[in-house]
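Pasting a structure below so you can have a look.
The letters A, B, C, D and E name the chains in turn, as written, and every chain counts its residues from 1.
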Amino acid sequence: MDQIFVTLKSGILDQLGRFLPDWALVVHSVLISITAIAILGPVTMMYLTLLERKVVGRMQNRPGPNRVGKWGVLQPIADGIKMLTKEDIVPLRADGVLHFLAPVLIVMPALLVFAVIPFGRNMTPVNLNIGFLYFIAVSSTSAIPIFMASWGSRNKYALLGGMRVIAQMISYEVPMVLAAVPVLMLTGSLSTNDIVTAQSGWGGLQWFALTPWGFAGFIIFFLCGVAECNRSPFDLAEAESEIIAGFHTEYSGMKFALFYMAEFMNSFTVSAICTTLFLGGWQGPGFLPSWLWFFLKTYSLIFVMIWFRGTLPRFRIDQLMGLAWKLLLPMTLANILIAGFWHFTHGWIKIAGSIALVIASYEGLVRLNQRYTPEKRVYTFAE
Amino acid sequence: MIFGSGILKGMLVTLKNFTSSYFKGPDEGGLFTVQYPEKRLPEKENFRNFPFLVFDNTPDNLRCVACDICAKECPPKCIYIVREFDKEGRPLKRPATFDIDLTVCMNCGFCEEACPFDAIYMDHDFEIANADRHDKLLYHKDDLLKSNEYFRKIRPTNASAVDARRHEAEEKKKAAAAAVAAKAAAPKPTPPAAPNSPAA
Amino acid sequence: MISEMQTGIQIGIYLVMALSVFAALAAVNLPNIFHAALAFIGTLLGIAGIFISLRADFLALAHILIYVGAVMTLVIFAIMLTQRLSDPNVRQHNNLSAPAFLGGLAFLTLMAKLIYTTPWPVKAAGTVPHVSVMDLGQALMTTYVFPFEVISVVLISALLGAIVIAKKDPL
Amino acid sequence: MIHYTPYIPLFPFIAFVINILFGRYVRKGAALISIAASLAACAVALPAIAYVVHHGAYSVQTEWLLLGKKTLSFGVLLDPLGCVLLFVVTLIGTLIQVYSAGYMHDDAHFSRFFAYVSLFMAAMLTLVIANNYLLFFMAWEVMGLCSYLLIGFWSEKNSAADAGRKAFLTTRVGDIGFFIGIMTLFAGAGTLNFADLGHAAHLMENTPLLTAAALLIFCGTVGKSAQFPLHVWLPDAMEGPTPVSALIHAATMVAAGVFLIARSFPLFEAAPDAMQTVAVIGTMTAFMAAFIALSATDIKKVLAYSTISQLGYMVAALGLGGFAAGTFHLMTHAFFKALLFLGAGSVIHGCHTQDLREMGGLFGKMKHTAATFVLASLAIAGVPPLSGFWSKDEILAAAYTAHNPVIYWTLALTALMTSFYMFRLVFMAFFGKPRNPKIHAHESPAVMTVPLWLLAIGAVLAGIPGSPFMHHWFQNFLAGGVHAGGHAAGHGSEHVIIPFVVATSLAAAFGGIISAWFLYLKNPGLPAIISRVFRPLYTASLNKLWFDEIYTILFIRPFGAMSRALYRIDEQVIDYLVNKTGLATARTSRIKGWIDKHIVDGLVNLTGWTVQLASALVRLLQTGYLQHYVLIAFLGTIVLFFIELRK
Amino acid sequence: MIIPLEHYLIFGAVLFTIGIYGILVRRNIIGILISIEMILNAVNVNLVAFSRSTSASPETGQIFAIFVIALAAAAAVVGLALVLALFRVRKTVLTDEITLLKW
């Protein structure tokens, strides 16, 4: 059960191997992985939309979509058909090429990132030895299509939204990478596989998120990830009340669907990477297959994202930037030091010291960010 | 008090809503959505939607006298009335055409306030969605006609009041008519019987 | 089988090179500076591909991360913050194209001659060891630690300098 | 436990650091931190004292500095003398901090107050356990700083800020003398360690240098312990919060001056002239302060002058060779004077006034305060068997055995005055009828009264160890200290009760009490008549013997006049010269200007014109377009490249 | 080395020349900055190609490429800041319209 997908793939290759030359088999092996990802990505996205609408609905005491099919399971397909048949509107003076290219290109990094995610035991599509760097590099390129969309639409709201997205992505990328650094330091490798393997202790429960620094890093990484894929409460790039829909104001139909797809795939990949780095990836007690563990953890993180959206109001821009630069960034730097402390100490001092350091640095940073208002002085014995 | 605990508290509230939506009834904080086409909430009597014309007993016997007051009173001017004439060209007290353009009507209810003949009232029917908005939403006289029983069914309080008033007016009219008749039959020595006759 | 795959890879590399050169030409010739920047991003991605063909994976990804993710984002930001750029009436090229083109051609022929006449001390394929990320890190922290530190100082001062220069009200 | 002695000052210091840096966060917890630190210091100090009682002095030291060939060491000396002070400081300090927690409760700068008090405690404890003059002096200076900060604690009051400055500057005069004295001693004896003093004194016996050093060191005492003529700051220091007055300006810091003499006792013994000066100044101070205290009406001022007077007593005792007597009085005085001040604070807390003339009949309203206050007053007046009697008796005995009738009778008179003014205070404040109906006095909270009672126990019992009932245990204990063996025998007379002295002392004590009772309770009209009869004396006492005025005339006015004169010289002579020089320069430069304009500029212009002409031709190459230059450079590179490849 | 070293070098030279061309013909300062980045990239290609084929210590070329990338980033940051400051004052980013210091 654990290796069901691996077995399936090798079975298909065996069957093909009877009549295909060797080099074609290599190509086919790659093709099978690509096909699996290319199906997984959009399907994930489609059902994430349903999940989001259901969960947010439930949080607001509504049932959510329940008309198309039982419990609305066919709703994403209906939406897809609607999107495909919708009129494609291009503004008159838009930059045609960019306006067309942006939605196509934005899906690319989102899909490319799937290549290094370890979905289960032996189930990493491409086992790069610099997998995490790959994730960072590829996801950072998604700024460019957003620029293209905002510029190509020739709409001031689109441009403003694009600027906000980019500022936000650049700001949050810094604490995101730094929050992952302790993991990379203690693992000694950038490979996602190695990172998962390093968390295999305690019967698959020795997750980095269970250490003090790992917990802090996990929270920071996850928050930054939520900000990276522009989800609530960091979604002020798409703040309806201010700038309509941000960079995809001028998109309709399938092009809009592609943006939507990229956003949901991004939230999936961010959750998946977060799972890999901090929650032990596919590690877990043996009664469930490894890939199921992985998807369970990832989907619970996605659930938290949706939960955020159902709960929290949107940030103001200065609060957003302040959070990234004044709280998260110094906290990650402190966290790196704490991870070093964890690595080089032993016994109870290791645990208690790390916990105390995490709490102290958090408290200290929060205090430092507070504005000081002196107490009014009262005289008792002076006249 | 740790910074961020307020956020956690808020998140617990939504989580409670989420879970209770599965396990609790509508009154205890669970789902309260009514699945509309299959289930409906009971209609409220004071609900007011597009107007209709009231007739008594048969559709020919409609109360409207084509006075045009409602058409003049209508703020968006969605009522169009043409008086009916008989063969000699004399005007009759009934409309030949009575059209209401529901795409224009804004449900203000001024027509029912203005009508002195209790002929036009606001309806409860809201499911009038249609694919052809040009023809199907321009209601003609036949579409608008509804019986007094229907009116009594949907708005019993208003209907009974109106009916009582009309009945009284009718009585008075009959009494007056009887009085006239009695006056006409003045030579006849039976004046005391006259008031009692309608009651009998 | 090996040779077939190798031919395929060779064709791929030449294709990437051609695309990069094409994108580079577009980057210097396109009248719209925003399009030029996007074309240059194409060049950068092509160069990253060339790096991968040279088995410098880490460098390729760092290249993408820094150039595409940061530098070009910054450039595009600057393009958006300075107006008049998408105005088609503004000429984007001066009248030096002819001498520049001729000079470039001359330079290129000379370079080609130089490259083909120099006896490069090329080692045989497979004898050059593969450079892992750990090797790079170790070299950076031992042999090249001083330049590494200097670079970090340079980056910090560039950052501060940029803030001071671009700040609207004087500090 | 004894080996932890060097860390005793560390506890209050840590409390100081926490309170001063994180005062904003700990807020009211500052008191807890400081009290806990003091208790910790107590916990370390008491076993250490017990150790010294049983095993003799403890000392440890390390090398610190090398000055030429002489080494300065740095270390801890805990001998019986130090033990006395250590006992007093930790115990009274802790009690007073508990009291302050109640007294300062509503102050906005609560944590700052406790930070200063903790710093003071740290400095005082360092001073007590210091083993050499340099460390002693450093702690001494930190204490001076704390005193300044705490007197001026309510710095928004001008009078408090001024008092703080006055205290700081006045003691500074003495401190400079002290420092010069230390340097003199170091130059003469080559050591600053207390342990080597006996040897050093022996080396320099009867040399003028030794006398000078002793006198200069005594300067420190004069400043710190508010002896004549530098006593003027102490009454003003009462502007600070009352617990501060109790702790610093009554019990501990001012006693540090006395402690200094006791520490340097071998020096003084070797310099009889200095001893004589000390005795005279002490006696003068004692008498003068008591005289001023007779007419003071501010409750804290009375206590302040009383403090000065008692300090004079101690100094006089030391000057008369009564080493044990002075130290004994130092200890007993610390208890009852701290108690008096805290009681005064409690009274002020309850009545919101400091003026004696407005009080009266408080006994009924403030039982605890009044009872403890009366106990303390009995002690200070010298009523047996309370502590004051024993120590004062010792001092009088010392004067008596020194065969100096002038000093003896002056001191006896002072004792009479002491008991008189103390009971004048008691009767005016606590007995009789309330004078001001507006005052609604109330008892202070338990956090303030409990320390009062604890101190009262101390004030009652502190004299017992030095009394014949315990066979002069205290004196023997001290004698086992600095003067190991030999010297102790020289003061054997102290341990005998001399009936004449006891009689004098008792007469003074009861005479004072009775006359106070007679004048202030029995015939309240009499004092006014007496003051009219002895008008000159009364005015002198009321105006504090015109000390402040004398200082104004002697020092401040001449200094101001000198500054003004110098300013005038600056303004009229130097400025005149400068202005004249400037004018001369201006005149010469006008001539030079003409030359410059017509000759030099002409040449320059000619050159410029030539260059302009030439550059008009060359400028054709200089388009100002960046890319033209780049193109030229590029083409040049190609040419060079081409030439290089041709070879 | 799947393809000969010379081809990489030619590729680098072509990019370099295109960069020079861009510097010479662009009027827009941002365009010139892009061209400079292109030149630096051409150099990087050469460095990595050499490190892969000839150098004794193979990581040297890559490390130099990393340094070049870092320096290019610093240069771009400062350059763009200058462009923004210039634009604020002169309302133009074209080289031949910036004539403030020209007599």
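The criterion applied here is as follows: a residue touches a chain if its C-beta (ideal position, glycine included) is under 8 Å from a C-beta of that chain, and two chains touch if they have at least 3 such contacts.
Note that the coordinates shown come from a computational prediction; the quantities given were computed from them, not determined experimentally.
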{"item": "Neighbouring chains common to subunit A and subunit C, by label", "value": "D"}
{"item": "Starting at subunit B, fewest touch steps before arriving at subunit E", "value": "3"}
{"item": "Most heavily contacting chain pair (counted by C-beta pairs in contact)", "value": "C-E"}
{"item": "Innermost chain by mean C-alpha position", "value": "A"}
{"item": "Farthest chain (mean CA position) relative to subunit B", "value": "D"}
{"item": "Cα-centroid distance, subunit A relative to subunit D, in whole angstrom", "value": "66"}
{"item": "Chain centre separation in whole Å, for subunit E relative to subunit C (CA means)", "value": "7"}
{"item": "Approximate Å spacing (C-alpha centroids) for the pair subunit B, subunit D", "value": "98"}
{"item": "Mean-CA-position distance for subunit E and subunit D (Å)", "value": "72"}
{"item": "Multi-chain contact sites of subunit E, meaning residues that touch two or more partners", "value": "20, 24-25, 95-96"}
{"item": "Residues of subunit D touching at least two other chains", "value": "625, 627, 631, 634"}
{"item": "Interchain pairs in contact, sorted by label", "value": "A-B, A-C, A-D, C-D, C-E, D-E"}
{"item": "Residues on subunit A engaged by subunit D in the complex (per definition of touch)", "value": "372, 375-383"}
{"item": "Complex contact set, residues of subunit D against subunit E", "value": "624-627, 630-631, 634"}
{"item": "Complex contacts: residues of subunit C adjacent to subunit D", "value": "94, 96, 99-100, 103, 106-107, 110, 113-114"}
{"item": "Residues of subunit C defined as touching subunit E within the complex", "value": "6, 9-10, 13-14, 17, 20-21, 24-25, 27-28, 33, 36-37, 40, 43-44, 47, 50-51, 53-56, 58-59, 62-63, 66-67, 70-71, 74-75, 77-79, 81-82, 84-85, 90-94, 96-97, 99-101, 103-104, 107-108, 111-112, 115-116, 120-123, 125, 128-129, 131, 135-136, 139-140, 144, 147, 151, 154-155, 158-159, 161-163, 165-166, 168"}
{"item": "Residues of subunit D touching subunit C in the complex", "value": "625, 627-628, 631, 634-635, 637-638, 641-642, 645"}
